[in-house]
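Per-chain numbering from 1; labels A, B and C assigned in written order.
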Amino acid sequence: MSATSELPGAAEREQPGPIHHKGPGPSESGWLDPRGRGHGGRALALHRITGLVIVFYLYMHLGVLSMLLIGRSAWSSFLSVVTAKSFLALEVVLIAAVLFHGLNGIRVAFVGSGIAVTRERALFWTGTVIGTGAVIFAALHILGAL
Amino acid sequence: MSQEERHPGGPNVTQTGQDDTRRFRIYRYKRGDGGERFDEFEVPVGPHTTVLDALRWIRQHKDPSLALRFSCLHASCGTCGMQVDGREELACVCSVQDHGQQITVEPLANLPVLTDLVVEMNGFFARFPHEHPIIRSSGASSESNGEVHLEGTHEVTLELPSPVPLHHHPLHHQHRAAPPAVDFVRLEDCIECGLCLSACPVAATSHDYVGPAALAAAERLLEEPRGVKREDVLAWAGRPEGVWRCHVGLECTRACPAEAIPAERIMALRRELTFGGPDDEEDKR
Amino acid sequence: MSARYDAHVLIVGGGATGGGLAHDLALRGLRVTVVDRGEVTSGTSGRHHGLLHSGARYAVGDREAGVECIRENMILKRIAPGTFECNDGLFVAVCDEDLEYLEPLVEGCASADIPVQRLTAAEALALEPNLNPELKAAVRVPDATVDPMRLILRFFATARHNGADIRPYMEVIGLLRHDGVVTGAAVHDHVTGKEGEIHADVVVNAAGPWSEKVAAMAGAEVPMTPSPGVLLALRGRYCNMVINRMHKSGDGDIVVPQRGLSIVGTTSWVVEDPDDLSVPEDHVERMYTEGSKLIPALRHAERRAAWSAARPLVGAAGAATGRELSRTFQTFDHAEKDGIEGFVTITGGKSTTLRGMAELCADVVCRKLGIDEPCATRDTALLPHTAYYSEAVAA
């Protein structure tokens, strides 16, 4: 259409525009933006974060266990670090992460296969109660026992 | 009747000493000068002022270069979607009273920006299943209803119904019979606004995910086929960039202004794909 | 599809009129460009309640308007299937006074060839259980419900498919004139902030209530009386059919279903500036009151939105409410009217008659250009509204 070329801005309109995404940083991080999110979006973000935490912990755990190969003294000094109260507090955090990831995973599995869609809220709060209770129980036993 | 005296505010600002102003922080982008920036405006508001009222006031009184998309002004056309304080809203029904002193307005996420608060919707519509009728029966039925086929280069293979001569029309006063059987139709709830795609956390990461609106449209074809084959719909939805990319964020239903319940429809599709049998009759809800 | 003719028509205004005209001219093989300062249908065209008129409302006072309406109603249902809720409409009498309107209504419809059927109160309530149980009588007519924007998008989509160039966010800031001939328009592109010129053999002013402003850019006078009315959208789908009050046109006498909402309309007053529309709260209250006379449940329905839209009424100022001015449309060839060549205004009209308006205006434009092509829009199917978004915006 020769009329098009005389229109101002014709060339610029044809170019792809910037994609506006949620949150700062690259667009792939949009899932991290907590603004305007409901419980579902926050749970998804937390699920991804705890998943990464658990994977990181797994590798760390394997690395730590490999210390057993080095010998008794290395293992003993290592144990003195990890039985310190501050470290045990991190263990509670880890338990919380595992519980969240597991219970939320059950919720996602049920809802996502279309089994429990209308009772999703109930599943979410049940999981929250169970998880919170279990974390408190774990905290009391791990930290309180010392 | 007398016209209310014009008050320099958005619509619905009356004269009764309204002193409420809000600061709007608005995303701006003009092609060619490359920059994205935020502009700020003070806008007088009233008890019923919507974000769109305020934006149109800004365009009218402060900055005519502010590009806005809107049409129906009542949450029917779905064109005024934007992020208000980070949350997806239709600006025409988003009340400023639900927000604070400073209100940040940005275009929808996950779609390219054309200019200012206007996004290009081509990519949104490109994700939809090929067949996409917008009229359905009021109750679910499998009667086809004037479907249009779009193939390849959009050659229309529609057959025009022949015109009904007016004197044969069932309602004609000379052919009065019992009232025709009730068989109402209606527009689908989905207004194609794109709020769900913007709100979806997965769409941020996966640019080829078809998104909630497209999947919900597919599920509605299962509910009421209108000439589309069930196995075609399931094959389309069961692709990796279809239902299986959804991670149950449920932000889509939360953002939806029109009761199209996309999350529930995606789960229904997944249920059909996981547990559904091959027979059409078996799994009718 | 490329144009058969070299003639280029620039249409100012991307509403129903602009869309219908672009489609008609593109089918006839002309080169067409449509510009609008905002999104297409962002003026008056997108804002109405979504009624596809049967013409019954006009048949009583104005047989011509009624005939025109029913004819266009049937054509649109044929060329754009899958866009209308063809559920018909009811005219409902809720008091004895309303009943006086029954015979004129039926006779008016019959004389305009509008299919009409009398119903008893019981039959009406069987069709629409939420109606006022005190209703006395009803009449059924072929009204329909439409999504206004999506219908108009079908015209734009088809026009673009046939080679028209649709340019939203391109505002006309002046008209180019040379020796008393309008040769094009100066435009400001809101996408890039750049300015430029568009040259055309004929410029058509299809700017609705803004037609007077645009005509003034050419030194022409088009007397417009923008006449806004308030509409109210309530949550809840309380009817499937369009519900009209059986009386002479008045405030709040129609309820139209729009998906999960019920739209009550409307009122009428006049303004100078179509950009400065308020939404008086007393009008909103009147919608609640009048609407609930038709459907009592509306009284307590939640307000989703209240807005106003300016009817593009043609005629000089001096009218009080706007209801006195005719709803017919007019085409002004400014060569005859003002001695300005190359400039045509088409304005007024109802959304239902958009195709017919476009046909008459396209005839005028083609005559001016010496092009002999018949109108083909009566029998050409429209592409679905989604086709508007399937080609590159700057194709």
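Details
Keep this in mind: contacts are C-beta pairs under 8 Å (C-beta built on N, C-alpha and C of every residue); 3 or more make two chains touch, one makes a residue touch a chain.
No experiment lies behind these values; they were computed from the predicted model shown.
Just to note, of A-C and B-C, the chains joined by more C-beta pairs in contact are B-C. The most central chain, judged by the distance from its Cα centroid to the centroid of all protein Cα atoms shown, is B.
Centroids of chain A and chain B (each the mean of its C-alpha atoms) stand 31 Å apart.
Chain A and chain C have centres, each the mean of its CA atoms, that are 53 Å apart.
Mean C-alpha position of chain B lies 22 Å from that of chain C. Annotation for chain B: residues 31-32, 114-115, 120 touch two or more other chains. Residue positions of chain A with contacts to 2 or more other chains are 9, 12-13.
Looking at chain C, residues 188, 191-192, 194, 392-393 sit in touch with two or more other chains. Those residues of chain C that touch chain A in the shared complex are 2-3, 8, 31, 33, 163, 165, 167, 170, 187-189, 191-192, 194-199, 392-394.
The residues of chain B lying in touch with chain C in their complex are 1, 3-4, 6, 11-12, 14, 30-33, 48, 50, 60, 64-65, 67-77, 79, 92-93, 114-116, 118, 120-122, 124-126, 128, 132-135, 138, 145-148, 150, 154, 156, 158, 160-161, 163-164, 166-167, 169-173, 176, 179, 182, 184-189, 191, 258-259.
Against chain B, the residues of chain A that register as touching in their complex are 9, 12-13, 15-22, 27-31, 33, 35-41, 43-45, 47, 107-108, 111-115, 117-118, 120. The part of chain B that touches chain A in the complex is made up of residues 27, 29, 31-32, 36, 83, 85-88, 106-115, 119-120, 198-199, 201-205, 246-251, 254, 263-264, 267-272, 274-275. Interface residues of chain C, counted against chain B in their complex, comprise 38-39, 41-42, 45-47, 50, 70, 74-75, 78-79, 81-88, 106, 109-110, 113, 115-119, 123, 126-127, 140-142, 145, 147-150, 161, 169, 171, 188, 190-194, 231, 233, 237, 240-241, 257-261, 263, 269, 271, 275-281, 304-309, 321, 379, 381, 383-387, 389-393.
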